[in-house]
Each structure stands twice: as C-alpha cells, then as structure tokens.
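After this come two complexes, each holding chain A, first together with chain B and then together with chain C.
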Partner chain A sequence: MGEASKISRYLYTVIVLFLIWLLLTASLDPQELGFGLILSLIVAAFTYEIFTTSGLANLHPKRVAYAIAYVPYFLWAMIMANLDVAYRVLHPKRPIRPGIVHCKTVLNSDVGKLALANSITLTPGTITLDVDDDNYFIHWIWVPDEALTEKEEEHVKAASANITAPFEKFLKVIFG
Partner chain B sequence: MNALAAVGEALVLIGTFFYFLSALGLIRMPDVYNRMQTATKSATLGSLGVIVGVGIWALGTDFGSAAWLTKTIVIAVFLLLTNPISAHALIRAAYKSGIPLWEGSVMDKYREHMEAKAKAAEAPEVETPEETPKEGGEE
Partner chain C sequence: MLKRALAIITLLIIGYWLAQGLAGVPFGEDRMLVGQYYLDHVKEQTGAVNAVTAVVVNYRGFDTLGEVTVLFIASTGVGALLWRRKKERTAKTEGSIVLTTGTRLLVPFVMLFGAYIFIHGHLTPGGGFPGGATIATAFLLLYMAFIVYEIPHKAFEKVEGAVGMTYVIVGLIGLAIGGYFLYDWIWQDWQWGAENIGRLFSGGFIPVIYTIIGLKVGTELSGIIDNMVKEEVSE
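So, the complex of A and B:
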C-alpha cells in the first residue's frame, strides 16, 4: 500500500483528533469547538507522520460501512469468548488443551495486522504470541483435533480457517 | 428514564461478574499463558461492561447528562484498543525469557519456527529468494 500525500494524511489526523475532542468535551459550544479545532490542527502537525500512511483513503464509504458492521460482529465474538472462558474456569475438570499454533494471514498493511492481532487476542481461547511477516503464532487454549496433524500445511490451513479467517473478510476491506 | 438506570445497573453487574471470573481464572489456570487468556479477555469485557454501564446509568439519574456516556465510550474504546497490546507484550516477554509451557500443552510451533529461522540464518544462500519484500501496491 503506497503512502498518501502529506495533506491527505494531515487532514485525516485532524479529523480523528477533532472527533475525539468532540466526544471528550460533549459540548457544541462554538468557543469549545473552535479551540478544539485549533488544538487538533497543532497536534496533527506534529503527529501526522507517524499516525497514518493512507490518509483520507481510510474514510472511503465502503471501508467505513465495513468498520461499522465489524463492531457488533466483534462484540458478539467477544461475548462468546468470555462465556467460553467462563465455562473453562468454572468447570470442575478444567477442560484445557493448550498449545502454540501457527497461522497465516492474507492481510498486507501493518495496521490491518495489528487489528487482526488485537481481534485474535480478545476472541475465543486464543492470544497472539508473536507476528512475523504473515505468520501468526497463537497460544490456543483448546487445540482442536483437526489442527493436531503432524503435516505443517494441513495444520496451518486448519488453524487459519479457525482463527484468522472469520475476521479477515472484514479487515481485508477495512485496512487492505 | 428509570429504564436506562436499570440497564446500566445490569451492565455493571455483568461486568463485575466477569471481573470475578478473571480473578478466579488467575487462581485456577496452570501456567502464565493460560492465565493471560482469562485475565485479558474477562478483564477487558468486564471493564467494558462496568464503564459503559456507568455511562448509561448516569443518563437515567437526575444529575447525569450525555457527557457521561460519550466520555465513558471514549475510555472504553481506549481500553479495548490497548488491553490486547499489553497482553501481547507480556506473553511475548514471558516466552522470550524462557518460561516453559504447561506440561499438558500439545504443541509448540513457535519454537520450531524460531529454530528453522536460526538454521536459515546460518546458511543464507539457500533461503535468500524467500526474503524478497512482499509489500508492493496492490491497490
């Protein structure tokens, strides 16, 4: 993914900072809005270089729509994850079969990989141990039977289908 | 407006329940990796429930205003984005400092990968074609 122009990255940073200001103050007083805008412009001038690489392209309607659709999907996965953890903690036999598994991802951008790693950490039984290019090493609390094969390809395929694939269809559109 | 207060109270109750599970998981799980699992997930959702619950609860009372809800949502999003990163840093540091996995663990692909990588670094002429950078604009 190539870098966007400086002005586009700057404007995107200003928009994000100003949105956070709006939510934090929760007031529509023109004086507060004006001061928030000035502060956003100043802070963005210092930070836009490390904040984003794709700039205003992040606000493409399709990306925003997928990002909004991702929120309930992710929250649902997170609630299921916690019920799963609750079951494992409260069950008297403590049914865990942990292991570190190997997954591959199709995402290219760094932000996308970060979002995927975060999503994996918060969803059922998995926590990201390390990311190396497109290889994810994930500590899984219950390694299922189909991922227990000795063959590397089958293992990666089964693990990826279980862990990374459900999020990739969203994150591929949102972050590329 | 009392319905909002009731919803908020219920959310706070659910959040504290997940906090309790998180603490119980710390006691019951056998090694650091499994403890991180319960501690991260349950504590994150518990915090979300309590924080957003307080925001909604405040809407239903006479002193509350919309500012409570927006602020709590900002805090909740901040927690949601940073908690998994700290968990990842902790578990990776635990692995790098040599803490062993629980004896019941079934596989360790990360060690195999690191060993394969170290071997490839010793004999670089074999593996160099694999190392070409993959990022190049598809869009």
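So, the complex of A and C:
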C-alpha cells in the first residue's frame, strides 16, 4: 500500500485523536468539544507524519467492520488460551514442550505486523521474540508433533497455520 | 562490617527519633487551620474546583514560579555540564518493528493526554507538571525507538523561553492591575467563567498558567533527555 496524501493523513490523525478526546472527557459539553477539536488539530499537526501512512483509507467501512469484529474474536482466543495455560500449570504432569518456532506472515504493513505480534503475545502459550520482515520467531509452550519436523518448509507451514493464520484472516483486511 | 553495623545503628536511632516525633501528631483529627479557609473559599475566590491547583497556582503562586525556575536551572545545568562542541546520537541498533511501530502509534496519544492533563488542571488531579512530564515522555519514546531521532532544537528553545516569559508577564499584569504579583486578574476583574464553575472555561488564570507550565516542563525535560542520550564524537 502506497503512501496517502498529506491532507488525508492529517485528517485521519485528527479524527482518531478527537475520538480519543471524546473517550477521555466522556462529556458532550460544547466547551470540551471545541477545545478538544483545537487540541486534536494542533497535536495532529505535529504527529501525523509519524502516525499514519495510509491516511483516511483506514476508515473504509469494511476495515472498520472487521476491526470491530476482531475484538470479540480476539478476546475469545485470549480466554481460551489462558484456560489452556492454566490447565498446563495445574496438570500434575505439567505437559509443556517449549520451543522456538519460525512462522511467516502474509501481512505487508508495519501496523499489521505490530498487531499480529501483539495478538500472538497476548494469547498465552505463544510469545513473539522477534519480527524480521515477514519472519516471526515465536516461543511456544507446546510445540505439536506436526511442527517437529526437520524440513524447514513443513515446519514453517505447520507453525504458521497454528499461530499466525487465525489472526491473519482479520488483520489482512484491517491493516493490509 | 563495623561500618555497616554503625550505619544500621545510626539509622535505627534516627528512625526511632522520627517515630517519636510523629507519635505526637494526632492523625485523623480536625486540625485544619489554613486548610479550612482554602476549602471554604476556593470556589468564590479562584473559580477552581480543584483546591490543590488553586493553592499551588493562586494562593501560593510564588512557589510554583520558584519550582519552574528550579526546573529551568536543572535543564540549563545539565546542558552546561554535558556541553560539547559536537554531539551525536551513538546508538547502534534500531529497535525492532514492534517497538518502532508501537511508538509511532502511541506518540500522538501520549501528547494529547498530556495536553488533556494540563488543560484540566483546575478540574481534575494533575496540572502543568504531570502534563508536561507526560509530553516529555512522548519525546523520550521517540528517542528510545529511533536511533536518529532528534527534537527540533530551535523551536523547543524558543517555546521554552517564550512560555517562561509569558508566566512572568501574566504575573506582572496582575501586579499592574491588582497591586501584587500573580494577582488573578482574569478571575477577579473580568469574572471570566464565573457562571460556569466546574466546566472547562473557568478557573480564572489557572488553565492559562498551567498551559504555560505544561509547555515549559515538556520542552525542558525533553531537552534534558536530548542532552543525556548524546555523546561526543571526535572528528
């Protein structure tokens, strides 16, 4: 995805900051709204260059809808993964088989990679150690049999299918 | 061994002595002398809902001017101590994509939140110093994540000087109008915001002063960070 025009990036930053201001103040007092708008305009003028590269294109309805749908999806994955880790801790045999695995991602944008890395880390059992281009190095609490192969390609395929793919189908649409 | 034992014994004696002194203080009893006056009169006299900021900026504004001066001296002192003819960032490794992208996304929010803190000084806890420190945190994030980032020095130095001067000028206008330094002319004479105490546009000159302090503290702490992360380079 190429870089959007400056005006588009600036407006997008203003909109996001103003939404944050609404959440912070939680009031519809015209004084607060007016001043929040002024502050958003000022702060965005200083920071829009580093904040966004794709600008208003981020507010495409399909992307917003996927982003909203991603929240419950991710929370559910997080709850299930937490229960799984609790099970491993409480189980008398403590079934852990830790290892560092190599995944590949189909995401292109930096923000998408950040979101994927954070999603992986926030679902217990997997921690992102490093991200390098489209390579993810992940510490896994239970490396399944299909990933325990000598062949690099098969290993990457199995690990990616288990770790990155479930999030990617959403993040690909949201961030590209 | 002997040194350590002596130090522990001395500390124990000092601790006992302090505890003895504090034991005489009646905690939880109504012992407010000046405090009660502040609480009773803060709204009508300053227009602020937050009594702490009213005391800090209005009743005892001179102390705050002193604190701002202390911070300014600290910043100048660090600058003088670490002065070199040629300084550069010498960090070698760029942060990973997770760190840099995360910083990019966070910086605008941190700045907006800092501004939110100092603009609501007369209504909520906080004020110019926490707000300014929050804004400096945004620049610290940029310094930590990017190996080449530098604050815009020229603009920062000008803002720092200009807002410091504005603080004194606001005080001097009070001196001219009301007869003493830092007299709250916006509230006392204009009655600005008198009808909506508790909303944003109220509180006399507290929001004005706190915007000034917030900008000053933000730029000053960023300058200190800048001075500390740079190292001399030999040509």
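Assume the second predicted complex is superposed on the first by the 175 of 176 C-alpha atoms of A that agree within 3 Å, B and C clash if a C-alpha of one lies under 4 Å from a C-alpha of the other, contacts with A are read in each partner's own complex, and residues count from 1 in each chain.
As a working rule, contacts are C-beta pairs under 8 Å (C-beta built on N, C-alpha and C of every residue); 3 or more make two chains touch, one makes a residue touch a chain.
What you are looking at is a predicted structure, and each value in this text was computed from that prediction instead of being measured.
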Which partner does A:50 reach: the first (chain B), the second (chain C), both, or neither? second
First (chain B), second (chain C), both or neither: which does A:122 touch? first
Who does A:24 touch here: chain B (first), chain C (second), both, or neither? both
Partner chain(s) touched by A:32 [first = chain B, second = chain C, both, neither]: second
When the two structures are overlaid on chain A, which partner does A:130 contact: first (chain B), second (chain C), both, or neither? both
Let me test your reading of the model: by the given contact rule, A:113 touches which partner, first (chain B), second (chain C), both or neither? second
Once chain A of both complexes is superposed, is A:101 in touch with chain B (first), chain C (second), both, or neither? first
May I ask you to decide whether A:93 touches chain B, chain C, both, or neither, giving the answer as first, second, both or neither? neither
Chosen between chain B and chain C, the partner touching more chain A residues is B
Counting only touches as set out at the top, which of chain B and chain C does A:62 meet: first, second, both, neither? neither
Considering only the contact definition stated at the top, list the common interface residues of chain A for chain B and chain C. 20, 24-25, 117-118, 128, 130, 132
Which positions of chain B touch chain A when the two form their complex? 18, 21, 24-25, 28-31, 33-34, 36-38, 40-42, 44-45, 65-67, 70-71, 73-74, 80-81, 83-85, 87-88, 91-92, 95, 101-102, 104-111, 113, 134-135, 137-139
What residues on chain A touch chain B, complex-wise? 1-2, 20, 23-27, 78-79, 81-82, 85-86, 88-90, 94, 96-102, 108, 117-118, 121-122, 125, 127-130, 132-135, 137, 139, 141, 143, 148, 155, 176
Listed in rising order, chain C residues that touch chain A in their complex are 96-98, 100-102, 104-105, 107-109, 111-113, 115-116, 119, 142, 196, 199-201
Flag every residue of chain A that touches chain C in the complex, lowest number first. 13, 16-17, 20-21, 24-25, 29, 31-32, 35, 39-40, 42-44, 46-48, 50-51, 110-111, 113-114, 117-118, 128, 130-132
